[in-house]
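The structures come next, written out as structure tokens.
The two complexes that follow have chain A in common; it is paired with chain B in the first and with chain C in the second.
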Partner chain A sequence: MSGEPTTGSLGRSVRRKEDQRLVTGHGRFVTDLELPRMRHVAFLRSPVAHARITGVDTSEAVGTGVRVFTGADFADVELRAQSALPSYVETGQPVFAHGKVRFAGEPVAAVVAADRYRAEDGCELVEIDYDPLPPTVCAWEPPEEPVHAEAPDNVLLERTFTAGEVDETFAGAAVVVERDLVTNRHSGNPMECRAGVAVWDAADRRLTFWNGTQVPHIVRNMIAELMDLPEGNVRVIAPDVGGGFGVKAVLYPEDVALCLMARAMPGVPLKWTEDRAEHLLAATHARDHRYRMRAAFDGDGTLLGIDADVTCNVGAYSVYPWTAGIEPLMAGGLLSGPYRLAHYRATVRGVATNTAPSGPYRGVARPASVYAMEAMFDSAAARLGLDAVEIRRRNVIMPEDVPYKMPSRLVDDSGHYAECLDKALDLIDYPSVRAEQERRRAAGEAPIGIGVALYNELTGLGRAASAGPRMPFRTGHDACTVRINADGRVTVFSGVTSQGQGLETTVAQIVADGIGVTYDDVDVRIGDTDASLWGFGAFSSRQAVIGGGAAHRTAQAVQAKLLDLAAGLLEASVDDLRVVDGRISVVGEAEPRISVAEVARVAYLESHRLPEGIEPGLEATRFYDPIRGAFAAGAQVAAVEVDRTTGELTILSYVCVEDAGRAMHPQIVDGQIAGSIAQGIGGALYEHLVYDTDGNLSTGTLLDYLMPTSAEIPEMVIGHVSRPAANPLGVRGVGEGGTLGPNAVLAGAVHDALGIEIDTLPVSPSRVWEALHAQEVRA
Partner chain B sequence: MDVHLIVNGERAHVDVEPRRTLADALREDLGLTGTHLGCEHGVCGACTVLVDGAPARACLMFAVQADGAEVTTVEGLQDGDGALHPLQEAFVAHHGLQCGFCTPGMLMTAAHLLDTHPGADRETIRAEMAGNICRCTGYQGIVDAVEAAGNARDTPA
Partner chain C sequence: MKCAPFDYVRPAGVGEVVTTLRQAGGDGKILAGGQSLVPVMAMRMARPSVLVDVNRVPGLSSVETDGDAVRVGALARHALLQAQPDHPLLAEAASWIGHTAIRTRGTTGGSLAHADPSAELPVVAVATGATVSVAGPDGVRELDAAELFTGMMTTSLADDEMITSVRFPRPSRWGFAEFARRHGDFALVTAVVTEFGDELRVTLGGVSAAPMRAHAAEEVLAGGGSARDAARAASEEIEPTADLHGSVPFRRAMAAEMVRRALVRTGVEE
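Moving on to the complex of A and B:
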């Protein structure tokens, strides 16, 4: 076998393979696809939150020559997210609502026309009659009329996590902190909305579905099942996808509708491009939670117990296939974060309402649960007269505690939190920020506050800790195929998907180094279920660990065959061969003996030269499953100025330090962290999907739903603690951690600056102003 | 309706309904799919193109309004010989893009910014680029890229 290559691409910020096409306007997004005889689809959506459908009349629309599909057409197809959890109430989601509608924006019909303009004209001619029912918007108010008959109280799932002796612990505590915290509904909002093109080949009974999805293999599996098709006859292609963040890890009724309509119109490609108004109405939302928190501390600030009651608004449907459990179970499992805790009780529930379904969004529940947990420390520190940093130091899981069994029985294998915190405090120059805070207080200048959050990101989950609440599938593994072509260049067919994370680049780096060829000699194909064997896709910060691990294992297998063949050709011992930059040499010799290209040519074109017992071809396929996961530690610290007159915050400095393990492409790692912090800041300060009491979304455009721009997001300082994880590449997932801190950091900074507790997010100027005003009235 | 315009230096003609947006005419009638639609209501900036040298939201403009105009899209940024525009090169070098969906609009806005504010500092860049939303990068790489392209331009060769 070869030794370590003397050169290599891992660890270097090589030029991304994706960028040439993306900066020149030659990306390949689903909506860029133009096919002969293509028709365009517009969905008609319910204008009311909760109602019985009493009449459907398509005659006027059909009279104009368009094709119309309604609930009756596909009433036998239903999306049913499944879980084996005992308390789970399974409910169904129709392709088009029939019988009743459960949220404003739910698709009730679709019109197929020559272009999108005519399809929308057609929608205006479809008449649907609604008989309104009382809507439920807030998950912690009892329903007048349940969303689903199967769940009269709207509770789709409830579970209590327990460890230790909670009541006794609280009885003996020196300090008990109690706060009710409410987090704001917001969403991933990738810049490319959802999109699909479906075409049905009736002769071969084959479906091709271009879909802007994070999970093409899951989509293939589910579409085949829902449409009763052989899985091999369904091809799902996710070309360039313009951001995902979890929103596109869901199979939506619109996706299924597109495929069903295509089957009803053989040979006619159907295209749907979602617009932003539809996206805000009907793509998955997230983070609409309430945490009733109690925390027990002893007199020196040691956390003794947590008693929590968590309600998550899961919207109108149990999101397919992740279920209504995705947010509540994550909240209950990770609430205690990176802190030692023996006595824990958390009842979590997912409650249906007449709002858009909640689904996975970068960080799943933890931006909210980290906020809830850190709020306990901020309040306890204030009560005990401790520094916010000091109280966290006294409780955080340290390397000597690892492996640490959390009260939810997850096993933390990191322990590098304090190291991240120390580095973050250095980078922000904590003593001088505190000194400036004091100076301003004394001088009566605009107050500043410091916010702190520590968090653990559970990444790269293997089969033992697989994502999702006991669903019918386990997402621990991915596959990769590596092929050295006859010219010596390498093509990789990877099961990973990319929505901006640069997986074509990272996988090429891994394979190049794993075989011993140059980065430029490797091309990576992703996002086509006909090309790659298997991959669950992008979620749970899993692909660097799992898809990367599969690429590494496969490259090693191909290298083994390459060297076997070379050893036969060179009449050398395979153990003496090394392959570096596409050239194979014998240990101890100055010059390489043969190139990878020459060996590859033999493998495909010169079978007469093949050594005895070696088959033609140079290809391998391998799977990888890390079995467990890799915890990634993180710490964020910010200094924030508050304008007492307006309540507006100005972030003066924002520091994040994470343990990403070994950084395969440092620039991509930093880009993931910066982007996720920006999304976290957006959720903490600006983004809020607001429903009125009738269930109408009142933030239906980007003029009302405020996404942060370059003017709002501050310069960020990103630092690293690189502790290799226990997997072949030593990597930890880095996609989500950044989102976990900002709620806690920014609410904590306001608390630190003004002494007011922010219990409801976002931390908007009006909320800060009102809290300040109330404080002044009390004073 | 007949619309005659110059797109990326070449004469173009489309026959469109009055309601057809410039974005749809560019993407669907002229096949220039580099111009992306992120919101279709003028906020996100992904569809930004230059119309007679000034940035415009192609989703808010009807194609008929561009009759007689000179339009530059992201496809027109490269040299005739295919070399990347300094901004394109800087976006690649500084990781100014991840998914690449907002990138065409960012590049067109930045191209206009560097033409009108040659010595723009980071604060100016952040203020001037605030009409374009990126969901991936946290803007750090974009500001780095625009700043670097501006500095490179200011440095005499």
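Moving on to the complex of A and C:
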């Protein structure tokens, strides 16, 4: 086999394959698709949070020549997210609400017209009569009227994680810290909202669905099942997708409706482009949680026990296919984070309410759970007179503790947290920030505080590392097909998907190095279920590890065949051949003997030259499953100035150090970290989806739902600790970790600066001002 | 989020605008920069039957010095106000409006006619005692900015009237302070201090249905009071309402702080 390549693209920030089209405005998004006979869809959405539907009248709309679909049309199709957990209450989600509506914004009908304007005109003519029911908005208040009859208390799932002797530990503790923490509902808000185009070919009974999704193969599988179609007759295409962040890892009723309506209108492509108002109203929300936290410490700051009660508002439906368990189970499984802990009790529950369904959002629950955990350390440090850094040092999992079995029984294989922390403290120059803090205190200048968070990101989950809700499928593997074409260039059909993460680039790097060809000679095709064999898609920071691993394995298999063929042609031993930059040489010889292109030509066009026993073609398909997962360590530290008069925060410096394992493309890795911290800061300071008590969304446009712009995001310093993981490429996932820190860091910084505990997020000026005001009143 | 059907007219002169509005019988709407109107039309919260596009009406886009004031055409874009050197308070206020794209399209006449209580230009108009020229069926009339704003997003303009220009007097000293969640957002509080002769005026936006003079604060200043005393007086004379961004006490405190900052920037003793 080949030896170490003298050149290679992995580890270098090569020019991204997708930038030519994305940066010059030539991306191909679902909305760009124009097809003959195309019609446009507008969904009519419930204006009320909870009501019985007592009448549906489409006659006036139909009279204008548009096509209308309502709940009655697809009443037999239901999305039922499944889990094998004993406490799980399975409920169904209709395509269009019928019988009753369960949240404001739920689709109740759709109008198909020549353009979107006319479709919206049609929606105004559809009459739906609602008989209001009392809505439930807050997950920790008892319902007057359950959201689903199957769950009278609205609890869709409850589980208690236990380890050790919790009550005894608290009884004997020197210090017990208690805080009730509430995190703010917000969502991923990708730049491109949801979108779909569906067309039904009646002659062949085939459905093609262009969908801005992170999970095209899952969508194909579920659509085929829901529509009772052969899976091979459903083609899902995810072209360029403008951001996902988990919001697009869900199969939505609107997606299913588009496909069902397309089948009812053969040969007519149906297009729906979601607008931002719909997105804020009806795409999945997240992070609406309450953590009742108790932590027991001994006198020197050693964490002894955690006793937690976690309630997650899962919204009106158990999100398909991930279930209502996605947030609560992640919260309970990873609450203790990167800290040694023996005595643990956490009861977590997912509670249905009359609000938009909650779903996966970058970091799933951990931006909230890290905040809850770090708050315990901040409060304990204040009580014990310890430095925020010191108390964390005394409790963090160290390399010698690894593999460390967390109290939730997940196994931490990292242990590089202290190393990340040390580097972060160096980068922010911790002693001088502390000195500046003291100087300002003495001079009476605007106070600054330092916030610290350590976290572990569970990435690249294999079949044996599931932290999830025991769904009827395991997402541990992906497939890849690598084909060397007759001209020697390489086409890869990968199961990964990209919403801007540069997966075409990363996969091309892996395959180029895996075969021994140049990066420029590799093209990658993704997002088409007719082209790629299998991939679960983009979630759980899995694709670098799993999709990357599949690309690596497949490239090696193709290289093996390439060299077998070359060995026959050259009458040399395979073991003596090396392939570098598309040229094959024999060990010890100065000049290459033959190019990959020449060998490929033989494989396809010159069968008379094929060596004995070698099949034509140069292609392989392989799967990869890491079996376990790869924990990625991270530390974030920030210095924040607080304006005592307005409660506003100014982030003076923000440092993040992560262990991404081996960084295949350093610029992409840094981009993932910077982008996820920016989203984390958005959630910590600005973004908040607020419902009024009637269940109406008060923040229905970007005028009220405040996303951070580049002006709100500080310069960041990103550092790396590169400890290769135990997988073929040595990589760890890096897509989500950045979001885990900012809640804890910014709330912690306010605590450090002013001595006030921020128990409710976001850390808005009014929240800080009110807390300061209360402090002054007490004083 | 697509507009309901409407007719579209693009007149070539102010007279034709007024005639078209009159014919629309109260159901016409002027389209200038469109930065507020188009979103509410897309949400179908505004449903004019006729959209009267004034962007091709000539002679309404200039900013000119006019004695001790600056006369701004109704179609002058915020970006132009921001760039002009003759009225520094207007330039400062314009820089707080939205973002570059919004400032490039949005107009002075549009902002005043829209009368959003948390927008910057209405506050400056009241603070400087601006004179608004309005064309209607009977020719042009002039009114004081304070008479223009009658309530939340409502004005004394008739359905068939159009603002053609605004004359902003130049204060001898001034101070501007705004509190918003992000730069470019509508203000939670805007405080503008202007000095004309020996009179200090304090004007607030975002705390009431229309921009308001803080008369109690002005009296404190007239009596030789400090910026802090005036700020406290201002915070006590307003009646803000609680919303997503804060409670009544918080909004009073922000009003006080912005008044204090604006006064200090004017040169008033803290």
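Here is the rule we use: the second predicted complex is superposed on the first by the 778 of 779 C-alpha atoms of A that agree within 3 Å, B and C clash if a C-alpha of one lies under 4 Å from a C-alpha of the other, contacts with A are read in each partner's own complex, and residues count from 1 in each chain.
Everything below uses one rule, namely that a residue touches a chain if its C-beta (ideal position, glycine included) is under 8 Å from a C-beta of that chain, and two chains touch if they have at least 3 such contacts.
Values in this document were obtained by computation on a predicted structure and should not be read as measured data.
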TODO: State whether chain B and chain C clash or fit side by side on chain A once the two structures are superposed.
DONE: fit
Open item on the list: Going by the contact rule set out at the top, does A:Gly27 touch chain B (first), chain C (second), both, or neither?
Closed with: first
TODO: Return first, second, both or neither, reflecting whether A:Thr646 touches chain B, chain C, both chains, or no partner chain.
DONE: second
Open item on the list: Let me test your reading of the model: by the given contact rule, A:Ile668 touches which partner, first (chain B), second (chain C), both or neither?
Closed with: first
Open item on the list: Between chain B and chain C, what opening angle does the Cα centre of chain A see in the overlaid model, nearest 10 degrees?
Closed with: 40
TODO: State whether A:Val241 touches chain B only (first), chain C only (second), both chains, or neither.
DONE: first
Open item on the list: Looking only at chain A, is it chain B or chain C that touches more of its residues?
Closed with: B
TODO: State whether A:Tyr686 touches chain B only (first), chain C only (second), both chains, or neither.
DONE: second
TODO: Examine A:Asp275 and indicate which partner it touches, taking first as chain B and second as chain C; both and neither are also allowed.
DONE: both
Open item on the list: Quick one: is A:Thr709 in contact with chain B, with chain C, with both, or with neither? Answer first, second, both or neither.
Closed with: both
Open item on the list: Once both structures are overlaid on their shared chain, how near does any Cα of chain B get to a Cα of chain C? Whole angstrom is fine.
Closed with: 5
Open item on the list: If I apply the document's touch criterion, which positions on chain A are contacted by chain B in one structure and by chain C in the other?
Closed with: 117, 275-277, 701, 703, 709, 711-712
Open item on the list: Residue numbers of chain C touching chain A in their complex, please.
Closed with: 1-5, 39, 43-44, 99, 179, 181-186, 244-247, 249-250, 253-254, 257
Open item on the list: Which stretch or stretches of chain A touch chain B in the complex?
Closed with: 13, 15-16, 18-27, 29, 31-32, 34, 115, 117, 188-193, 240-243, 245, 273, 275-277, 499-502, 667-668, 670-671, 674-679, 701-703, 707, 709-713, 715-716
Task: Complex contact set, residues of chain B against chain A - done: 17, 19-20, 27-28, 31-41, 43-44, 46, 73-75, 77-78, 84, 88, 91-92, 95, 97-104, 107, 122, 125-127, 129-143
Task: Residue ranges of chain A touching chain C (in the complex, touch as defined) - done: 116-117, 120-121, 124, 275-278, 645-647, 686, 688, 690, 698-699, 701, 703-704, 706, 708-709, 711-712, 764-766, 769-770, 773
